[in-house]
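You will see subunit A twice below: alongside subunit B first, and alongside subunit C after that.
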Partner chain A sequence: MNNVYYGKLIFELSRPGRIGYSIPKDHTGEEGFAALPDSVLRKSPLRLPEADEQTVARHYTNMSNNNFGVDTGFYPLGSCTMKYNPKINEEMASLPAFTQLHPAQPASTAQGALALYYETQRALSEVAGMEAFTLNPFAGAHGELTGLMVIRTYHERRGDTKRTKIIVPDSAHGTNPASAAVCGLQIVEVKSTPQGTVDVEDLKPLLGDDIAGMMMTNPNTLGIFETKIPEIAKLVHECGGLMYYDGANLNPMLGVCRPGDMGFDVMHINLHKTFSTPHGGGGPGSGPVGVRKGLEDYLPNPQVVKKSDGTFAIEYGNEALGSVSPHFGNYAIIIRAYAYLLSLGRDGIARAGKLAVLNANYIKEALKSHYLLPIEGLCKHEFVFDGLRPEYGGDHHDDAHVTTLDVAKRLLDYGFHAPTIYFPLLFHEALMIEPTETESKDTLDDFITVMKKIAEEAKSDPAFVKASPHSTPVRRLDDVRAVKDAIFRFQFD
Partner chain B sequence: MHRYFPHTDSDIAEMLKAVGLQKLEDLYAEVPEELKLSGELKLPESKSEAEIRKIFEELAAHNKPLTCFAGAGAYDHYTPSLIPYIASRSEFSTSYTPYQAEISQGTLMYIFEYQTLMAELTGMEVSNASMYDGSTATAEAMMMACAASKKRNKVLMSATLNPRVKDVVKTYAHFHGVDLEEVDAASNGLINREAISSKLSADDVAGLIVSQPNFFGLVEDFSGLADECHAHKTLLTINSPASTLGALKSPGEWGADIACGDAQSLGLPLNYGGPYIGYLCTSNSLIRKMPGRIVGQTVDAEGKRTFVLTMQAREQHIRREKATSNICTSQGMMCLYVAAYLSLMGPKGLREVNDNSFKAAHYLCKKLLQTGRFKLVFDAPFFNEFCLEYSGDVDGLIKKCAQEGVLAGVKIDDHKILIAATEKRTKEEIDHFVELTK
Partner chain C sequence: MAKVIEGLYYSESHEFVRIEGEFGFVGITDYAQNQLGNVVYVDMPEVDDEVTAGEEFGAVESVKAASDLISPVSGTVVEVNEALEDEPELINKDAFENWVMKVKLSDPSEVESLMDAASYEKTCE
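Right, the complex of A and B next:
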């Protein structure tokens, strides 16, 4: 990361006649695609860049220097679990014996790949307290959708077609209601108590024979453990619904308390959060879905099974809900997660969650003197401040107050990524901090010092904080203009 | 102690003291005891890097990469070595969705380049910042057609699409409540124009989905299809493997409303099925119905041209259940692969890749027919993939070839096989494969 803006697009480096490729010469002597009927051939110009290899290498290298990753510095983005991405995982995923496998090649020639898939399924089932997992969903939201499909299939197969509604807490991740809508379910919102947990009294009247299930994350998006989970699960089960666990917040519970033991029936895990696969600028992720005993036949196709002779086979089950992916999801991401599972082992997994929780509580206690902590008490992997305390320029009733956005932007000047901001929606100035277990006390102390310094700055020179960032490659961006101008591609002319 | 956890015993003691606790277990004091795991997880102990390497060597020894003549949606094109090198830069790979634009211009710029490149390739006005893969992009196109039509809920899908893609689209349709109807192929393996016309004339169809080249590798002529769709207020979606769009008439030129498909063919490794990348492109008028993230151009406080996530009022984190889709991902790392690939290939390289793939496939087809053991199933022109009828048992053929290090193709049924070739296949490899079939 450097602070000089690069700012060029590859189209601006293009010079007619340059090439950056090499292709083996054709020796077949056949005619090329021009032999096809003229009516099916492309006529419009193809304005792709023309550049030599070094130009392309420098272009993307310079571009990368304007990017901040976990390897650059502390990335306390709440709900995203930005832990260290070990490099051995990358190396294992790039072994040609995996990267060169075609998804349709005979199972007998991919036994190693299938064994890895199977072992990962088994390991995740143990970690989560579930009976079985599919690793086919491509991402967390895709896992939610798949899990909801499992729930709907369970009701459909019982001939129970009235169950068209799903209960979602008002503090839920946005993907929860959105996934439910894609799955054809109506959303019923349950309120939170002032302590930030599901209001059981508000839940009770919502339960009935039209409820397919309830989606929850535990700890919830405020980082608070829902202690009434046994009662909630019992109530939902009594009305005939199933419990869905959004695994986005699984990290703090590793080796301490498993979703299956909390009473959840279906869940997903974000491998790019809890199991350290790189976030890749937004993807590829991976969202394996686990189910309790009795639901495993509904998991999507294709399925990997272990035969009695110890070999692995690919099967298409008749009871399956259908397919959510053509093959085995983002397979190369699963490889990375498996390497991580091996690295941590049972001892490491059991320790990861505890250290993540220790880190979060340590920051929370250190900063509540300067930032407003709406809910006291133990947090799990993350917690939420409601902006600066009033005495540090945080009076929310004053239009000129220093906002959470301002604090986030000022953090960038100090070499930290900002926390998640303005989520959850329960607080106006939400600042959601998740440090993960891979950050040292030294890093946390530096972060705490800077956060306090920003609070002091907000008090002494609010205009300066509001004009931040000052030392990043570019200054604050004009979001409104991006919508108004609506430029989504390079303007060639 | 573990190499990924920096906490020393004294760190832990100091931190616990700072939060007023005695031991790590106290951090879970509020969790009901009966929910807590009583023993240890039944998993192996942590492994060293050297041990992990051994485990992977063992697994790798049980995989057998083959000289690939299979396609069916995943094509063995060459990945220039610069691409994984660039993509492994951890400034890119260890970043997340570019929420903080001031320190994420790298990600935002390559996504903006990706959007430009895909819009250019498909001949459409706008591309989103990518989807998971081609199958889910097609399912999103189906839902988008229904959302755009407001009142209609029926979508036609030609049977000529890849069966694996169709399975995913059908799954989404079932749960989303879309009345998805599959239209049988014509006997020549192409789309059935007559059946489609008859169904469109009911004026209740929100969208029609076709593919080019189709699953059998055949090149379709969609002349007049878009006009016919539009006369009935139906949106036309064309699904294509992205690479072929460098040679074939683009969805934009055919008059399509949505272009979607998989861009794996733009130099992404096979990786046993993923990660790949789906693309979805459309016209400016449909942008508010488009799923997924999008990057737009703007300026910063000093007037510099910069890039930012925009049009977010369509998305799940703002609109929740009223969002256009639940997708949160942009397939960032794979966008970078595509942008770097097309930057290296340029118009001339992409043309040559297609030309040489076409030549290799046609040479292979000719040679296989000459053995007397194969017949072409369809007469229509094909691109770099073709469907043959085999005089013997296809499973036996695939097994025999695999033993000799060759992936013969993808089984269609006991006597039909789908075979593909790319620019990577040499004349020697092709001749060797042909010998194995004799």
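Right, the complex of A and C next:
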């Protein structure tokens, strides 16, 4: 448990003159910086916290004990794919042959590292059904932007400069319209049917010679497989647009079906979701972008290629797009994804998606007696409840009802991370659960038991649930004050 | 239950307009504030801005989500509710009283395509 004293801010633990270092005397016999000329010395001291090493160690160790991650407990955060990060990934990424690399060293001295990069490009192309991949983008949204730049450049190079609009479904992740706007494209929204998939009739009148393409996530944000993809791809292609696949929800499709086979032209993959690299807490992420045959020349530089003599080289040949990153992107993350690919192998990868779907459906069916399921039927890797059922205090016609926020807060008391809440915006009390394939049946059963217990509590003692969490290091936060009176730095007296 | 007021006009995107002579007072409905939860910021237009029916004129941000404000009427903004700058939570206290902008209407007949209280109440069920 958190130590109260060392749990204070590091600035509050500061004592004037307390230090955790000693500077040796220099060649003149003077201590510290006395030999430096006055002109380069600060006139006023920096206001840094002053503390001894032990205080610093205790402070940050106590802070880290308040953290929650996939190594601490179940993390069913919908739409985020918080799967376990196998320790062998870390072991491989910390091999000195990788950690001692410099991105600017000659290719002839880094053949192993380049082989890994090349093999990952090929493996992702195979998994996704694409012709070529770049591993340069630093994150999912960066991948989206890069992919949209590919689409834009493709049209411009053909002299087709009218295509400035991109179609995005109303259920899309917020990053889709944001990336499109950064790429200078106008966003046109297409509506969903009551079943939660793209409304093809609503799409038809939007298509024309000003459409650059359409972005889709499949399975979509509700965890539902978009069955009309072939028809949608045909319509978009007939009007001259390209199909963009947002790989945010690729996990359940692994080894079952491929975006390339569905008619998508450009896509990105989140290695920090589907390929088990760290997610959350800054990751860092990685968002490789794939393209179908004919678009390879629009991928950014650098590319790693295999030459006819079997050696690997770094190429900067693609002039159309230029670069989107210094050097190779988050190389250390790519090592982890490669380790995952090899650990699971072809058969293991193909089982991951199916187990992710099984786990999600198992929780959904077990909890729909207590939580409102707005869209019935088989889901993919995730699903959305619309809050507690009315008989468990969830009637949102009653202003005093127990909300999704209350349920999420109460879950923390039981040691689970809360699911995604109030997203997607299609429902009032959205509670979005994605267990991933890495959880055992025991963990899923434990989660189900707790979720049912919370529903019973909401019925018998709603005030107690509404006042939760009761056992976390900090209690319910004041969201309004956090936004309105945000304090971004320590306030000195 | 969300409140509706007779005599106002309502849009599908949950804005209302109260007509007084050649002016319209535009804000979000009680249902909208209830759905949004605690409002923390209102992005308002400026006086003399032109607004068009069906188009965005600002945004409202709550602890749950940020939503565009869609104008139910066309015209010129003659006043904005400056009290909302410091106290956006006034919208949660009384959404109909705390309108966002006052518009000089360029086409008063536009309100005929909006909903009355009874039909709006039905869409909120």
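Here is the rule we use: the second predicted complex is superposed on the first by the 440 of 493 C-alpha atoms of A that agree within 3 Å, B and C clash if a C-alpha of one lies under 4 Å from a C-alpha of the other, contacts with A are read in each partner's own complex, and residues count from 1 in each chain.
Here is the rule we use: contacts are C-beta pairs under 8 Å (C-beta built on N, C-alpha and C of every residue); 3 or more make two chains touch, one makes a residue touch a chain.
The structure presented is a predicted model; accordingly, all values stated were derived computationally and were not measured.
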Touched partner set for A:Lys307, first subunit B, second subunit C, both or neither: neither
Which of subunit B and subunit C A:His397 touches, first, second, both or neither: second
Partner chain(s) touched by A:His428 [first = subunit B, second = subunit C, both, neither]: second
Touched partner set for A:Pro49, first subunit B, second subunit C, both or neither: first
Superposed model, subunit A: greater residue contact from subunit B or subunit C: B
First (subunit B), second (subunit C), both or neither touched by A:Val483: both
Shared contact residues on subunit A - subunit B and subunit C: 479, 483
For the subunit A and subunit C complex, residues of the former touching the latter: 397, 399, 422, 425, 428, 479-480, 483-484
Subunit A contact footprint on subunit C (complex, rising order): 1, 34-35, 38, 40-41, 61, 63-65, 89
